[in-house]
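Same chain, two partners: chain A is paired with chain B first, then with chain C.
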Partner chain A sequence: MTTTTSVDVPTTPETKPGRPPGRRAGVASFAALLLSPSLLILLLVIGYPIVSALRLSFIKTVDGVDPDTGLVTHSSVFSLANYIDIFRGDTAAAFRNAFWNTTTFTIVTVIIETTIGVCMALVMNKAFRGRGLVRASILVPWAIPTAMSALLWRWIFSADGVANDLLRANILWTTEGFQAWLAVVIADTWKTAPFIGLLVLAGLQIIPAEVYEAAKVDGSSAWRTFWRITLPLVKPALVVAVLFRMLDVLRMFDLPFVLIGPQKKSTQTLSLLAYNDMSNLHFGPAAAYATVLFAYVAVVAYAFVRLLGADIVGRGVGGGR
Partner chain B sequence: MSQTMPAPPVTDKPVGKIAAGEKRKRSRIGDSSPWYYVGIAVIVVYCLAPFYWMVVSALRRPSDQFSNSLLPIPASLDNLKAAFSPGNGFARGLLNSLIVAGTTTIITLVIGITAAYALARLDFRGKGATLAAIIATSMFPGIAVVVPILQLWTNIGWINTYQAMIIPSLSFALPTAIWLLTAFFKQMPFELEEAAQIDGCTPAQAFRRIILPLAAPGVFTTAILVFIAAWNEFIIAVSVVNKSEYKTANVIVSQFTGQYQFQQPYGTQMAAGVVVTIPLVIAVLLFQRRIVEGLTAGGVK
Partner chain C sequence: MRGRRASAVSVIAGALGVVLTLGACGGGSKSGSTPAAGTFDAKGPITLATGKDTSGYLQSALDKWNSAHASEQVRLIELPESADQQRQQMIQNAQTKSDAYTILNVDVVWTAEFAANGWIEQLPADKFPLDKILKGPASTGQYFNKLYAAPYLTDGGMLYYRKDLLDAAGISSPPASWDDLAADCKKVQASNPGVGCYAGQFEKYEGLTVNFSEAVDSAGGKVVDDSGKPVVNSPEAKKGLDFLVNGFKTGVIPKDAITYKEEEGRRAFQDGKLIFHRQWPYQYKLASATDGSSKVTGKFAVAALPGLSGAGKSSLGGHNLAISKFAKNKGSALAFIQFLTSEPEEKLHLQKTSEAPVYSELYDDPELIKQFPYLPILKASVNDAVARPRVVKYGDATTAIQEDAYAALTGQKTTDDALKDMQDKLTSIIGK
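Let's look at the complex of A and B:
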């Protein structure tokens, strides 16, 4: 737990010597008692959906007309059809589009948000008067419900809205096209860059002032100090913040749903695609999309933890919804 | 790290002299730099300008809706009244949000607090794996919960009920709460239980009498953060409810219809949006220190 970061509280109970074995068994059963309600609930609200979604994704409902009675029939067959459809036919194009949007949203917003967030953190990292005001204002975008911020941006980006007024343009932001994609990126950046700033600031504040003083004595330039000292030292906090943002954007739903609309190709994400099928009661394809998204999220999270050493357990940063 | 640098003095300022006389600060350029205040101003404007626009738009007269002036002059509460007009069901939506978010928060805290205590302060095998698994569940995409849950609720007739929203909400609220509480419990000195045990307390007594009262601030912070997360929840609420009596505020406001079919009632929506957001903004103002502490728990100290 303490290998990738030096900020962890070192007094973990594992290091305590000499527990009598009887006492330890008592502790273990007490721990099991304390944990069981939570684990039971998580099994119910996470474990059940995973298994159920996986099962659903392999079920194909066939609508047909009974030749004898003339009535519509539904029959369910167990097949790979939902997954095959992902790569074949009309649905393949819709899936590719949603996968592309999900991926581009993730890459672009996370890069922009991280850049802005780090800049914000660097500015905020100085002792100054009115720190409370800045901290409060930086929490405002974070606190606004995403659905409400999406409405707000829909209003800002409306045909007669303030965005067009400021740009002296007549862009129809919420219609199909690149501008809709851009509107989502802007709205998402506004809401979450301050959050990254906050997490990075927490990382900056534990860097001892002596490190900077030493760099100053060595005559290091501000730019060089940033790349050689600040960034490496803040990396654990930054990696965790970026991981959280990525996982949040990968499952993005509310923002394109409210800001642009549920059936718009330009901003359809995997979550929206699954939602559309689900609301038409096509549970099989919806479950297949959701399962693919789940796998995507899992791969990204795994890659982050393995390759970049994101130490989420040790830090316990609570964040995105 | 700095010893590897050849260190040519290429700074644009005389190094070392600026802050030398006074108390040392952690700055690299002087604190009095005007650029620094510009930076602060940019951050504040960046964060608040869109929200300010929401408030201003809410306070305009409906006839001034498309005015882009910076102040709502003359101001009016007509949009607010329209938002609360009986046909919208907005008041009911606020109540529904309160019921769903409040119940979720209470259930989450009651259940999560014991789990967090065990994970933070008891020594047992598989602890790290358990915590990692719980944290992993918080990264679960909402849609993957909603698809099977919607089918289940349809089959057992739970569509348009509060429990249909509350139970899936636990899927993100509980892992978040356990994680935050674990971080808070870990920050408390471990001598507490040792002292309690020397005094003859069982682990259960130590938890109830010593740890729980001292952990109250952390529990409170967790409650705020979980409540905000549950209050902001959208995908579950929009999926499992289709009767307006049970829609949460977020859902009902996003579905407001205007007087004319193809005109979105932005003024009314902004007013309602301000009402939905104001409790959170007040919470942020009152508890900002705690909220920041919670969001960065474990990373600060």
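Let's look at the complex of A and C:
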């Protein structure tokens, strides 16, 4: 969960108009002073690693082995080679495959999870006996660490596991192929649909009951009420939930790693590709993959914010228009 | 407008977290300085970095040393259970040139990488009784004919088989070759239709490298020749790979086995679903359990691995002890390694943990054979075993082997194409 922690970047408080200029300057510098420790920490734990990773991605290392002693010889130069290799030769195929998996995982899981999550929220929002129990039980998958749930799903999807028993089939889920991709989608949906459900529920609960009463008086059908009232009013919460999920899936790592295995092409994501390179000591290419993934995440997030006006720092939706 | 931009900026800041983990791990790739010959004089406290001490036995061995060496205390540093993570932590320790780890418990396949990068010290070969050690394990600590790690524990594959089923089918001895194995299965399956014939470790991970190399070596081929050159695109290697590929095609190897690691295969064998199983010695004790967890207790025996024509060859597993280049008190470290890898200590270790020793004599000890009936078979297995490719970039090499072997087993590539591609990849990785 590295992404969510750094979302609340403190923005400099806006100074209200109409204050005496001298005092404003004093307040601003005092505010800067108060913020400096957190800015310093952010610089240290976010700024430095990013710059370091960027620098690393431009270093091309050529390894050789000394034929007499067997010792490794390194030579490093600054170049664009790591980035060029992403689009050329064998590594290009691996990159395209990982990029495709990352993208399809993101699109498919987010669509399914949003649909199920909204349904869950609508159920949880209704007043009925045992509502508390339903809410708690829906959240259980979200509370289980991904690596654990991946292990549980690995048992379910094993050759003699529950999934095959239920389907009366003998599918080898964890082998290369579409079924491995599907297994990841199923496990991910199970785990994170409740997350969307929870955020949407919070959005549903602030919709005033009067709006629904008015709709009822006007004779609106349940379907129309959902599309015309519930969805527009819950949109701010929903958009934020979907954005978080997208950022999460784009960097998906642990689920395919544990459930299917790190070397499988069918479920290899960009994070896994970077990890594999890093564990084989190819730091330059690994950093290049990570940088590309970073750019991809940033572009998707930016486009999403521009298109749907996601309000992630809580200023109210209408503010920017 | 300002609000929009602020939110976009903070989204990007959030996204930055993605690269953090990766960026933070990649620091510092400088190494390759020429190592000076090590001196082993300094005495003092040291540490032993090793995988999780699951048996709890290791600590008691340390206590024994510590009570006799007050000024040279050894502290146990337990690393994660997964071998990949152990390797990663050891590499990080080396790259930061930290003296936190003195002695490293290294997997036999890491020796070349650690030695070539100058992360471990060359050891004086005359301080270890290498002539009393089985030749397979003794070779695993060497790189370019120099000793870098002291042989500590070893491991070899054996053929577990259902003696009861073979007896019932009138077969008196375990199969000596792959053809015998398939023929025996036919006879047994005639009266037991539900039981699978043969399995090993065929999931796409290190176990596949082990099983693929075994098949190639058992058919008279080689993955890498003695000078370190890849020679996997040979008719012999093709016969080895064909045994596995055809096994899957003809049903000699059950379809499920493509998902088997050690534990999945062990469960299948213990549930009575397999006649023959290629496995490490650890399965013996678990499959003999009398608490009801195993359905084959007392019904199985072990034999040497079969090959194309006659006995097969196992891949070598095991661990060796090395001294970190950046450690202090290397004199104490050397003495401690000598103590821990001494014959009496290894005997105790075997008795407490059933992990196989490297000393030839221990395998002939009648008292030990009584406790571990498989020792004579294991001795033969380990003695003839072949080390996995001794490659500096072992991680890349094993990935390439797994990639193409798996493609062949799942029918994505023909054996010819798979071996040709594997040869090309290994050649570019090894660089010869």
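Remarks
Keep in mind that, in the parts below, the second predicted complex is superposed on the first by the 271 of 321 C-alpha atoms of A that agree within 3 Å, B and C clash if a C-alpha of one lies under 4 Å from a C-alpha of the other, contacts with A are read in each partner's own complex, and residues count from 1 in each chain.
Convention: a contact is a pair of C-beta atoms (placed from the backbone, for glycine too) under 8 Å apart; a residue touches a chain by one contact, two chains touch by 3 or more.
Note that the structure is predicted; figures quoted are calculated from it, not measured.
In the superposed model, A:49 lies in contact with both chain B and chain C. Touch criterion met: A:297 reaches chain B and chain C at once. When both complexes are overlaid on chain A, the residue A:261 reaches chain C alone and has no touch with chain B.
By the touch criterion stated above, A:70 is placed in contact with chain C alone, chain B being left untouched.
By the touch criterion defined above, A:206 lies against chain B but remains apart from chain C after alignment on the C-alpha atoms of chain A. Once the two structures are overlaid, the count of chain A residues touched is higher for B than for its counterpart among chain B and chain C.
Of the two partner chains placed by the overlay, chain B and chain C both lie in contact with A:274.
Of the two partner chains placed by the overlay, chain B and chain C both lie in contact with A:286.
Touching of chain A by both chain B and chain C, each in its own complex, is seen for residues 7-9, 11, 45-46, 49-50, 52-53, 56, 158, 160, 247, 250-251, 271, 274-275, 278-279, 283, 286-287, 290-291, 293-294, 297, 301, 312-313, 315, 319. Those residues of chain A whose C-beta lies close enough to touch chain C in the complex are 2-9, 11, 45-46, 49-50, 52-54, 56, 59, 61, 63-65, 69-74, 76, 158-160, 170, 172, 174-176, 243, 247, 250-251, 261, 263-264, 271, 274-276, 278-281, 283-284, 286-287, 290-291, 293-294, 297-298, 301-302, 305-306, 309-313, 315, 319-320. Residue ranges on chain B touching chain A, taken from their complex, read 1-2, 5, 7-11, 15-16, 24-29, 31, 36, 39-40, 43-44, 46-48, 50-51, 53-54, 57, 66, 68, 111-112, 114-115, 117-119, 121-125, 127-128, 130-132, 134-137, 139-152, 167-168, 170-172, 174-176, 178-180, 182-183, 186-187, 189-190, 203-204, 225, 228-229, 231-235, 238-239, 250-251, 253-254, 264, 266, 269-270, 273, 276-277, 280-281, 283-285, 288-289, 291-292, 294-301. Within the complex, the chain C residues that touch chain A are 1, 3-4, 6-27, 29-32, 34-35, 84, 87-88, 91, 112, 115-118, 143-144, 203-205, 255-256, 258-259, 264, 392-393, 395-396, 399, 402-403, 406, 410, 412, 431.
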